[in-house]
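All chains are identified by letter, namely A, B, C and D, in their written order; residue positions are counted from 1 within each chain.
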Amino acid sequence: MQNLKDQNLIRVSKGPFFAKVLENREISDNIYKLRIESEEIAQNSLPGQFVSIKCADLTLRRPFSVAGVRENSFDLLYKVKGTGTEWLTNLKTGDITDIIGPMGNGFSIENKKSLLIGCGVGIAPIDFFMDVLSAKSLPYKSIGCFRSKYKNAKEYDYHITEDGTSALKGKLSDYLEQIITETATEKIFICGPNPAMQYVTEYALSLNIETEVALEGDFACGTGVCMGCAIKIKKGNALESAKICKDGPVFKGEEVVWR
Amino acid sequence: MAVENPNTVDTSQKIGSLLLKNPIITASGTFGYTNEYEEFMELKSIGGIVTKGITLNPRQGNPQPRIKEVHGGLINSIGLENIGIQAFIEKKLPVLKENNINFIVNIAGESPEEYKKIASICQENEINAIEMNLSCPNVDKGCLEFGKDEESLYKLVLEVRKVFRGALIVKLGSNVSYPEKIAIAVQNAGADAISAINTVKAMHVNINKNYKGFKFIKGGLSGQSIKPLALNFIYEIKKHTNIPIIGMGGISNLNDMLEFFAVGSDAIQIGTGTFTHPNLSEKLAFKLENFMKVNGYNNLQALIHSLRTEDMNKNGND
Amino acid sequence: MAVENPNTVDTSQKIGSLLLKNPIITASGTFGYTNEYEEFMELKSIGGIVTKGITLNPRQGNPQPRIKEVHGGLINSIGLENIGIQAFIEKKLPVLKENNINFIVNIAGESPEEYKKIASICQENEINAIEMNLSCPNVDKGCLEFGKDEESLYKLVLEVRKVFRGALIVKLGSNVSYPEKIAIAVQNAGADAISAINTVKAMHVNINKNYKGFKFIKGGLSGQSIKPLALNFIYEIKKHTNIPIIGMGGISNLNDMLEFFAVGSDAIQIGTGTFTHPNLSEKLAFKLENFMKVNGYNNLQALIHSLRTEDMNKNGND
Amino acid sequence: MQNLKDQNLIRVSKGPFFAKVLENREISDNIYKLRIESEEIAQNSLPGQFVSIKCADLTLRRPFSVAGVRENSFDLLYKVKGTGTEWLTNLKTGDITDIIGPMGNGFSIENKKSLLIGCGVGIAPIDFFMDVLSAKSLPYKSIGCFRSKYKNAKEYDYHITEDGTSALKGKLSDYLEQIITETATEKIFICGPNPAMQYVTEYALSLNIETEVALEGDFACGTGVCMGCAIKIKKGNALESAKICKDGPVFKGEEVVWR
């Protein structure tokens, strides 16, 4: 048997990569930005795709959307929720992470007047998507919705906060109609809590605007083999089984069966 | 670890008529149907794969949530979602053959007739090996119930044995009163091997925020925390049988694998471990070979033989 | 946590004729015979204690080693070492009475006759409550075997019921094919309550340094990692019975306790948790009371009733 | 129900105490000294008794002999063996430990020409015993046996090392006869590996010298209730069951059934 590393080189591998932490800091309340060195992941990732990280001695890896890339590194934005993300906060520059990816399918990249919406930490793939569309000079506008002001380097065209610490105070629904009209939106891309995504999808459908949504779910394998994250999606009149981790996490809004 | 003995070692193993390059197999439900893991590892580095459990008709599986991580393991409640034997034969079998993957088809039925039918279809399609799942937890009909009563189990395996001539493996679980009776029935019915253990019946409870009621997931526990149960089960059935045993339950490193060999396994399966490290099975194959070289075992039988000498035998209780 | 409701709350519970100040009991084998833990806690703060398992004649128990910590739990192979019922009556009973400790005597026998004899002796000595251990793992004769077959179990409990008039609790384990059948048999035989689960059959393997052979401990697994198995077991038997259930298996905090109430327990026992925190039972008694005050439950029944509403019912498999 | 703390005060409690780490450092190869603040344990401990510490999220506490006391603190000496002791090495001054004790029975304190022997980390209770006998001006000599030179503040009358980095090179058995004669030993106290304790006990018995040995064992409860550490000891011609944690860890040498 040959050296495994050598074998790895001769096929397109999704990892596991043992990748160095370049930066890990709290950028906003309970939200951290983690920058990790990995040419493979940086170069192969599309907005909406995710990576899975081995955290502490937990059995299951934790999935996070790619939030931006450079030549040979990529960013994650994570919110501290439980054991895994708590453990992530202790990573220091130079530490090695065990990571696989990019996984799943990303957003469609199209020449349409796009409206990109990120709610809470759902902003992560939207940040990345903004970079990609900008680089390709494709037309888009962005909305960031947060509980309180979100302190990030990125500027959103519309920054909505519930507590009014940004220009727009209130909820997404208070402004959506107006923004869609203002921007002559042709397609909406959204990542955030299910109720927000459902609301936007249904509203957009009523206006005949296409949507793509980035779903979350509890993953076990994260690779499409265990059926742990399987949901039903609408294909015409029929319901089909789809795996969020493999067939998604990005789905056409109208295909999703909201619960 | 330096390689002291440069010669190649023979890691191969035979389970009935099934030849394995090495004793490491990926477990049903954790590795897909075919080459899903080729982005993570060299599929040919391991002995073989077991497909997701396949039923006569496609199955929708259980509603969400299906997954809950618990201390040291995972509770799953997939509900045997799968594409059914027909679609498997049409869409997956060609992929397995093209890629030259050594595979075992895991089958499950809601009645003895269903098991027999699927097995016949496997036989018609010249499939080399099947693993009868007689132990998936919490099914109202089928599966586990057949695996609990030694008499009906005996008849069921006998019927399948009649129609399937390849390697017939029967998969057992630990939720039974008398493991040894079940194992003996399987052996007497002519199975080529026993694999064990399936997931263990378990429940996760989530109290609602206002303490009014609770949500729960009932399903099968897998991963590290079932290892002591699995080792005990295999040790128990080994005492009463002499067909090969394929051991599994929480294996996550070389030492775990050696423990399973010691208590009576001839090959092992990696399930939940693949979720933690997608290339775990490949890594273990590599480590096993290296271990055998370093420690001077020319073939797997020699290693297994060496491990299997007990030097303390006691029967505990509390 | 501020106490919002200054009134006292009623944490008491009844198990048959046995009155408990609160539903927290220390489990057999983990708390000694009497007041051994008085240096660590106020014994009167909890509902009661269960004594170490007591047999007709004193037992020597198993050879060393008897203990092995594993991931998330503990394997023990004590072998029921105990002083026997006679010495218990002479030396321990007076201490229990002097100290006014609410206690349950855990009994184990090698034959139905032995169970009956010990129970008679308990009756003669006006002991209020006994817990029949029908589930200690790995005993060649007695105990577990009686707990596996519903018919012989039914007869055994019936016989004991005839001679013992106090609270009769029957302790079950999860190493059975049909928990519900066993539980129904116990109820039909006239037991006042079921306690569950006992330790789970398990094995720890230690490969020798030179890979020649292995040492092992076979015994019962307890602690955190059996909690999902225990919750499942209790939920299953609760569906088929209506006598009180005393739940246990890895309880280590208030939330664990609430989970056991939710799935069907009326009281709980703390076993291995006492080894981790010697005053765990006292702390939980205090926390439960405080929790009830803060959340406005005047009595335990109200809390249990609130917790027991299921809002999602599904039956998983894999 | 009253406040639990209040209740604790009115009975002699063995804990759990939440006690502050005063010092934790590697004093010799893989051996650490841990100083913990606790008046209760410091004032109630006898040489040979032990405390049990909650380490990380391990189910079982880990037992360690008290190695010395002052007014309101006590010392432990621990050797890094596995998960628990590895975790101990990370304790810093000011950290809080969860500890119970003192547990078990200590060495007899008698006015006899005593020979105190500690092998390896078995030196811990011997160090403490030396302090106590010195304070009471009772006659004793001490032997420390180690693989390599043991760097501790304490001076042993005889410091034996296998590699000869101390005055006496070799094993305990090379010097025992000579030392017993030299010191006119009337009683021997020893803590160390079983073979060493067995050897000394049997040799001493042949000279009609009394011995006390401090045994180790795998503990679950550590309080005498679980029978996990039960062994057989000789009482005259009969064998009796004894619990190392409760009836020991110190036993009369002649009572022990060596395996």
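One rule holds for everything that comes next: a residue touches a chain if its C-beta (ideal position, glycine included) is under 8 Å from a C-beta of that chain, and two chains touch if they have at least 3 such contacts.
As the structure is a prediction and not an experimental result, all values here were calculated from the model.
Enquirer: Through how few touching steps can subunit A be joined to subunit C?
Expert: Shortest path length, in steps: 2.
Enquirer: At what distance in angstrom does the C-alpha mean of subunit D lie from that of subunit B?
Expert: Going by mean C-alpha positions, subunit B sits 48 Å from subunit D.
Enquirer: Go ahead and note the Å separation of the Cα centroids belonging to subunit C and subunit D.
Expert: Centre separation, subunit C to subunit D: 35 Å.
Enquirer: Would you mind pulling out the distance in Å between where the CA atoms of subunit B average out and where those of subunit C do?
Expert: So the centre of subunit B lies 33 Å away from the centre of subunit C.
Enquirer: Distance between subunit A and subunit D based on Cα centroids, please, to the nearest Å.
Expert: 57
Enquirer: Do you know which subunit A residues sit against two or more other chains?
Expert: Answer for subunit A, listing residues that touch two or more other chains: there are none.
Enquirer: Can you tell me which residues of subunit C touch two or more of the remaining chains?
Expert: Those would be 29, 66, 72-73, 76, 78, 224.
Enquirer: Viewed as a graph of touching chains, is the assembly arranged as a line, ring, star, complete set, or other?
Expert: Its topology is that of a line.
Enquirer: Got a list of which chains touch which?
Expert: In this structure, the chains touch in these pairs: A-B, B-C, C-D.
Enquirer: Considering only the defined contacts, which subunit B positions touch subunit C in the complex?
Expert: It is residues 29, 53, 62-63, 66, 70-73, 75-80, 136-140, 143-144, 148-149, 174-178, 199-205, 207-208, 211-221, 224-225, 227-229, 231-233, 235, 255, 258-259, 262-263, 295, 303, 306-312, 314-318 of subunit B that touch subunit C.
Enquirer: Using the touch definition from the top, list the residues of subunit D that touch subunit C in their complex.
Expert: Per the stated touch rule, the residues are 1, 4, 7, 11-16, 54, 58-61, 98, 100, 217-231, 241, 259.
Enquirer: Quick one: which bits of subunit C touch subunit D in the complex? Just the residue numbers, please.
Expert: 29-32, 36-40, 42, 45, 52, 60-61, 64-69, 72-74, 76, 78, 81-82, 223-224, 272, 274-279, 282-283, 285-286, 289
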